[in-house]
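Just so it is clear, A, B, C and D label the chains in written order, and each chain counts residues from 1 on its own.
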Amino acid sequence: MKHLQQKIIEFRDARNWKQFHTPKDLAISLSLEAGEFLENFQWKSSEEAVRENFENMKDELADVVIYALLLAHELGIDLEEAIINKIKKNEQKYPIEKSFGSKKKYTELE
Amino acid sequence: MKHLQQKIIEFRDARNWKQFHTPKDLAISLSLEAGEFLENFQWKSSEEAVRENFENMKDELADVVIYALLLAHELGIDLEEAIINKIKKNEQKYPIEKSFGSKKKYTELE
Amino acid sequence: MKHLQQKIIEFRDARNWKQFHTPKDLAISLSLEAGEFLENFQWKSSEEAVRENFENMKDELADVVIYALLLAHELGIDLEEAIINKIKKNEQKYPIEKSFGSKKKYTELE
Amino acid sequence: MKHLQQKIIEFRDARNWKQFHTPKDLAISLSLEAGEFLENFQWKSSEEAVRENFENMKDELADVVIYALLLAHELGIDLEEAIINKIKKNEQKYPIEKSFGSKKKYTELE
């Protein structure tokens, strides 16, 4: 992940784009790219969407993670550490015995 | 990245949640999480947002990438490869000499 | 619509919130509210979602239109006129004989 | 608003599109259109965005409200009533004396 992040920063710096990359604008772009990924499923079942738009999904999903890596870089977040910590929190919010086979939110689990 | 993906799949399978994880529903969740990340910046400058919400940003950014890894797994996408390919495409869409210091979209570059 | 818009502006001005309502921040909020509406459908079929979350849907849908009315006010857009114009454009983009019963985008219609 | 809603339903029914308009798919589309509106502000200040993209903003804002009206129709929500009720709730969540000139969320007001 660090290696990919490095490549992305090099791409950006070669174009002198850091000046535009405020965290707020990157956050907007992250949300827009996640929307573009979702657009592949508009009016479609999962099966139809994958059949018709698989190539585009690869590009859009890549864009989402590219912006996540740019944000992590700008904000000084170690993304791998953040993910590991978030999984630990999720393990506490969703104990196996209460959440097995259930799609309830943790606030609704008894 | 593969190692993190493995941990996430284990977390999910221990809870028997694969049944809910259609690509379309994962795509919706990816978009919602990107929105929750963006919410940290609502009514705020980047500086205010980072000062007040930095801890939450780590969690929400992690959630975005967690869903991206789940989607990549379900769709059979090699995310690292997809990112490297997307960077290559971006290099062609945004040649340095035309895009240096410019925030124009590639469709507007001359 | 004008009457509702007036009530919303009065609500805002009574709280002295106009200072926060830049078009960009309102646009972010519009997107976040649309996400909160969509969240009612996360991991659910339409039927389940409506059965479980109907009351919340009313509030979130109202929020989306409230922000649209605030944006129209700030930007000086006559929303009714904009909608009528957009329907006309859609009639040209989607002629009945080509789009009847088809979910293709206008760029894909032959 | 009822009159606009009627025009939108006529446009849809003339194309036999009701079959695609499940609440979940309409909710996805609402979110995507709100994203397209926000895209006008990507990498831009409010002023730049309005100067460069005002015409597009009218169309995208119209699209957001068109989907809101379609959703209200499908779900059997009286949108005007929902908005009036939501303003009343907001008046209780944000009493003037506590929220005047403050951008705090109601959960943070003292």
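Quick notes
What we mean here is this: a residue touches a chain if its C-beta (ideal position, glycine included) is under 8 Å from a C-beta of that chain, and two chains touch if they have at least 3 such contacts.
Chain identities (UniProt): A, B, C, D = NTP pyrophosphatase (Non-canonical NTP hydrolase).
Every value quoted in this text rests on a predicted model; they were computed, and no experiment measured them.
Residue-numbered contact pairs of B-C overlap by over half with those of A-D, the repeat interface among A-B, A-D or A-C.
Rounded to a multiple of 5, the C-alpha superposition of subunit A onto subunit B involves a rotation of 180 degrees.
Comparing the chain pairs B-D and C-D, the larger number of C-beta pairs in contact belongs to C-D.
Rounded to whole angstrom units, the spacing between the C-alpha centres of subunit C and subunit D is 2. Averaging Cα coordinates per chain places subunit A and subunit D 25 Å apart. Residue positions of subunit D with contacts to 2 or more other chains are 20, 28, 31, 35, 38, 41, 43-44, 103. On subunit D, the positions that touch subunit C within their shared complex are 1, 4, 7-8, 11, 14-17, 19-20, 22-24, 27-28, 30-31, 33-35, 37-38, 40-41, 44-46, 49-50, 54, 57-59, 61-66, 68, 71-72, 75, 77, 79-80, 82-87, 89-91, 94, 96, 99-103. The residues of subunit B lying in touch with subunit C in their complex are 20, 25, 28-29, 31-32, 35-36, 38-39, 41-43. Listing the residues of subunit B that touch subunit D in their complex gives 28, 31, 43-44, 103.
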